[in-house]
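What follows is a pair of complexes built around subunit A, which joins subunit B in one and subunit C in the other.
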Partner chain A sequence: MSSLQQREAAGGPQRELAVGASAHRRSKAQLLRALWISKSGRAGLILVSLVVLGALVSVAGLSPHNPQAQSTSQVLKGPSLNHLLGTDQFGRDIFSLILEAMGVSLEIACIATLIAGVLGTLGGIAAGYLGGFASTVILRAADVIFAIPAILLALAIVAALGPGIMNSALAIGIGYIPIFVRVVRAPVLSLRSADFVGAARVLGFSRSRVLLHHILPNVYGVVAVQVSLALAWGILAEASLSFLGLGPPPPTASLGEMVYSATSLSGIAWWTLAGPSAAIVLAVLGFNLLGDGFRDATDPRTRRS
Partner chain B sequence: MKRLWKGPSRPIVGISCSIAAAIAAGAIASAASASTGAARAAKSKSSPVFVVANTSSVQKLDPDVVTNFLDFQALGLIYDTLVQFNNKLQVTPDLATSWKFSDHNRVLTFQLRKGVKFDDGTTFTSADVVASLQRAENPKVADASASFLASMKRVVPVGQYAVKLELSRPDTSVLDGLTSINFAMLSKKAIAAGTLSKKPDGTGPYKFVSWSPNNSFTVAANPAYWGHKPSIQKIEIKTIASEQSIASALEAHTVQLGLLTEPQVADHLPKSFKVQKVLDLSYRALMLQDKTGPLANLDNRLALECAISRQQVVASAVLGQGQAVGPVPLGPYKSSPISAVCPTQNLAKARSYLKLAGDPGGFSFTAMTSTDLDPTSAAQATTVQADLARVGIHMTIQNLAGNSYIQDWLKGDFQAAFAENGADPDPYVMYGRYFGAGANLAVPAGYSSPALQKLLLKSDQATTPAALKAANAAVSRYLTANAVWDWLFDSYDYAVFPSTLHGFQLPPNRQLQSLKFATIS
Partner chain C sequence: MILGTDQLSKVYRGRGGRPPVHALSGVSIALEAGSTLGIVGESGCGKSTLARLLAGLESPTAGSISLAGATLDSHTSPPSRERARLIQLVFQDPHSSLNPRLTVEQAIGEVLRVHALVERRRVHDRVAELLEMVALPERFVTRHPHELSGGQAQRVAIARALAAQPQILVLDEPTSALDVSVRAEIMNLLVRLQDELQLGYVFISHDLAMVRHISDEIVVMYLGKIVEQGPYQRVLDAPLHPYTRALAAAVPVADPDLAGQPPARLPAAQAAASTGAAEAGCQYEPRCPLAEAICRQSEPVLRCLDGSHAAACHVAAGPARLTGTRGG
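Up next, the complex of A and B:
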């Protein structure tokens, strides 16, 4: 009985998938444990959880105040029990605005990361596994995007398409694709010649099956780290675009726009600047630390140490 | 006790967080140090160039066609007019030493100043006045104030130093109109050469030196000036992106005079700076294009007028340092009440107007702003947007660069525009060019009606104070009863400068001509 016949007798590809899925689940649990053990990962996880929780509170309509409600009697009030981070020049509650803006930032960062992650990972796998002409085309295209400073590229795209959540996300996402391509391609190059990949080919598995079931799961850790860093970059880039007036237009709340508006008010109302600035720093710090934690958790050398 | 986190363990964390902190700190930094533009504004404290800073930039050099406030201010240093406003908004002599109305206010005769020379060396005479006024009324030139001369049948020289304006009807407001830089006295030679849009040639205290679009405009003292010889030899009007940066540049001594509109910036400079606060001769309005779309419906426009809280706009845009106004913001004919329909915000009435319009759920439109031209416009728009949302009207805000805004504004290529328009004590002078018969700014005005033209004409022709008051009240009432635009507020302008500058006084019309009297100790 050939090995292929033996596999099929044992349950065939379905069984293989089930075993793979089970292994995947186990690795996820291990990954989370390793993430929590890492100091950076734990700090990142806590910060990111707070950021996500804040955004969810706003989405669920549980903010302490209606973030868009203006009040002449509450203009530029300092922090108090009623307004934890004070009010802005429209009399709006800054804490509630930050929660709403955080949701918008996360939405844009997630869409941008999804765009960059999916396209970049597929591109990286294709470039690494296929090699040859396909690799050259993909890598040169990535180089072209790399050659333009990411924020400048985002500015140009938003200026051409107009401001808005989707356009901002697209502009930010495109700039990050080459990073995914390069980061994913490197491990794929070594995986291509790994024994288990060779075995899969010998067994007659299709190319897509090899890529999706044998290569992709093995670059998961690298992608996870990059996703976390891309989210941090997405939040930062969205804030930069909004600061320059190219973010989502009002009344959509935006951290960068809040910082910009506060620049002229900082002399008389420091809290208008402190709140949104701190929110940006904490969100970016959180995702970066989380990315760091992912790296600790997935890097065998770090795990050993 | 074990610490949760000791600090970034990877360079990437440190770098990324530094960038994040930089975004936040960027704002703080802008308050602490001048922007790059500001830093380049002047080389040092001892620089001989006197730098005037503003967020706007000079857009055009031809005085007949300018509409931007800073253009008027810059060209006002180079050009003279026949008559000018003093600080009390009274008409006083400039290149005309005296004037006289005759034939029942149908003829206006000016005696002209002698010994005045243009920058090109030619002598100012009545021929230049005739050429200037004829150019201004030429439709091809598109003078921004041409409507003020609508009543002028012809202008004729009376010898070398007098001119006579023959009017088709009694019209005393033409005198107020002639104070505008849009009627600057131009050299006949320069008009013939067609060089005015590239090289200004005036008779004012300063001569044109250079213009770098969107950056700076420089003039030098005119040694042949007929009046008080300026002490400040060179002035550069510099564009700096934000008022906070202008304040920083003032503190860094790289700017000597800041022209500001945001009280939170002007009022919080160190005490060593002098701040002149002047209720300006302008008004903020939400201009509407009333001919197409939902804004063509009067009831929709009235809903807009009733939904807006002008007090809230004043509170947020200029931190309460201004006043809600109607179409005539100041002077003896000041609008009272502010609105004929909703003097204060009335959401119930707004909703009932929407029902009458057949749009009970509200409607959508786009309003343009330009924070380059008016830094307070973003706050105005945000407040108005929130007010309108309460009755279901969705207003999209489109913030444009200064030059794009002006282009779209002149072409009427907008649905609504947050604008800062020049005012005048005489309502006819203010609105004749927008809504009068043959108004040259009818396109951006976006509304025309024979009834309104008739009311404006009546205002222009009224001679007694009582008739003037009644006619101007009728104009105000018509404008708000038909919600032609939404008038918002009038606020203060701020001139901020070190205490070493003496003799400068910012007038309500923001002209900088008093710089010719200024000295630096």
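Up next, the complex of A and C:
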């Protein structure tokens, strides 16, 4: 499956939440419980926790080995108790490298999601709430970005800006903006004419109060879903960029780059490919499942009471 | 007169290449302080459009609204705080009119805080007081809309409207989304509140039986226009317009005079609102059992036929008929 298909499957507007559908107000504890009740939510929470925990272990310097320590005596050793996922062609511990690379991956995906989430959500709110000319301009701009395959857009941006963590994040984030715009605009648009919003206006509440206190809180659910899906796409896109040699330059560890190096070795050392590939799959799957879980948890139609 | 409209019109742009919809055409009404104006008409005749215009949710295409003596410019629509203190709107579907994420106390308290109606620490007490006015116990303050029945939610919506201490409530079919068993309770509540607070009501319903109990004046609308208006006894006991008679016939009546008449059956609903002023003649003509040649040629205008009792019909009453014919 191409990255674009993946992205569209993950975040196409057709899958957005029934609006304002919205979720009765629930505390964070209740939301977590609803997330836990949904099968995909629970699986997603577990996977994402594992992935994040692993990255934190590495950041805290608690990995089983120094990920960058090379050793001529340990070149291309298979999985063992000492090296859980084996070693690479420089004798580095693959498990520790994966943990480090996961941290970088998450960092890039988070920054990308922040960029896409903030800009896209603001754009979606403006397009939905203001309507008219502003809406047309924003939607056209989003369409233009959306028309370019996201991974090509990311490639072009990194090629133009040069490699690096921030540049990768920017390249990946920009492509995801239109999805936030669409997914946020639809509920804002329909909430704008909801009776309770009309009631708030008749009660003399200011425009900003109506927007901030009555419309936006009913949109958080769709944003939460989209943030999870954007993180999944971010990790995948980052891996693709670094697979193509456009990731952050060495010595920054990177999952995509590990997969690339492993492709030439997989005939003699399958574990060099298995470890990083599995890490990518687990992380992407985890965030996608978490997104589905948020959807279940905030959609009254699928919620169990 | 605390609320009045003058030749109020609203035209919606047609969606997807369809012709514009004249949801409201030249509607003039007047509401006296503390009294009730009943608005009746079938689905799509523009009742909710009138309600939204009165509340300021939309601006009229033409005409004006006067509120407490001040004429509101037809193109300033955003409901201001001052307007909120004068006029409030109660919606048909109580659940959709309450923010799903706010508790009863948050929803009502917000009104009190925004308008600075009570001191901050008195908000809870005032909310409880308002709930008591609509006969809900204080423990409801922590409930969310989904924890309320339809009747309870409508009471909360009424309490929230009353929190702004308005002089007028526009009630857009406030009972039609409710179980039949609680409709009477809500009607009794509204009657009691009107007595206690001297509220003026614009009470909208598609059901003549519903407005007869509460209205002082009745306005009957058909396809965005007023076809009959007058004091409630006159409109109910001696309806002039064939459409009103059809509506009245759909209601069981005790009046032997009326009961003796052949029942004017309401022909199959032709729900669409007027799509244009192009066609000449009476809009009711296709359904009218009394239609005559004149009805297809000229449109009847609203005329006082009996004191303050007016109807828009060529055939409705003798003397006016001549004027109508000549005018056409």
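By definition in this document, the second predicted complex is superposed on the first by the 271 of 305 C-alpha atoms of A that agree within 3 Å, B and C clash if a C-alpha of one lies under 4 Å from a C-alpha of the other, contacts with A are read in each partner's own complex, and residues count from 1 in each chain.
Just so it is clear, a contact is a pair of C-beta atoms (placed from the backbone, for glycine too) under 8 Å apart; a residue touches a chain by one contact, two chains touch by 3 or more.
None of the values given here were measured: they were computed from a predicted structure.
In the superposed model, A:76 makes contact with subunit B only, not with subunit C. After overlaying the two complexes on the shared chain, residue contacts for A:280 are found with subunit B alone; subunit C is out of touch. When the two complexes are overlaid, the chain among subunit B and subunit C that reaches more residues of subunit A is B. Once the two complexes are laid over each other on the shared chain, residue contacts for A:132 go to neither subunit B nor subunit C. Residue contacts after overlaying the shared chain place A:295 against subunit B, while subunit C stays out of touching range. With both structures placed on the common chain, the touch criterion links A:61 to neither subunit B nor subunit C. In the superposed model, A:250 lies in contact with subunit B only, and not with subunit C.
Once the two complexes are laid over each other on the shared chain, residue contacts for A:264 go to subunit B alone; subunit C is not touched.
In the superposition on chain A, A:203 makes contact with subunit C only, while subunit B stays out of contact range. Those residues of subunit A whose C-beta lies close enough to touch subunit B in the complex are 39-40, 42-43, 46, 68-70, 72, 75-76, 89-91, 229, 232-233, 236, 239-240, 243, 245, 249-251, 256, 259-269, 273, 276-278, 280-281, 283-285, 288-289, 291-292, 295.
Put simply, subunit A touches subunit C in their complex at residues 20, 22-25, 194-196, 198-205, 207, 209, 213-214, 217-218. Interface residues of subunit C facing subunit A in the complex, by the touch rule stated above, are 52, 55-57, 78-85, 87-89, 91, 93, 96-103, 110-111, 114-115, 144-146, 157, 160-161, 164.
Contacts from subunit B toward subunit A in the complex involve residues 4-6, 8-10, 12-13, 16-17, 19-21, 23-28, 30-31, 242-244, 262, 264-265, 267-268, 309, 311-312, 315-316, 319-320, 371, 375, 378-379, 381-383, 385-387, 389, 396-399.
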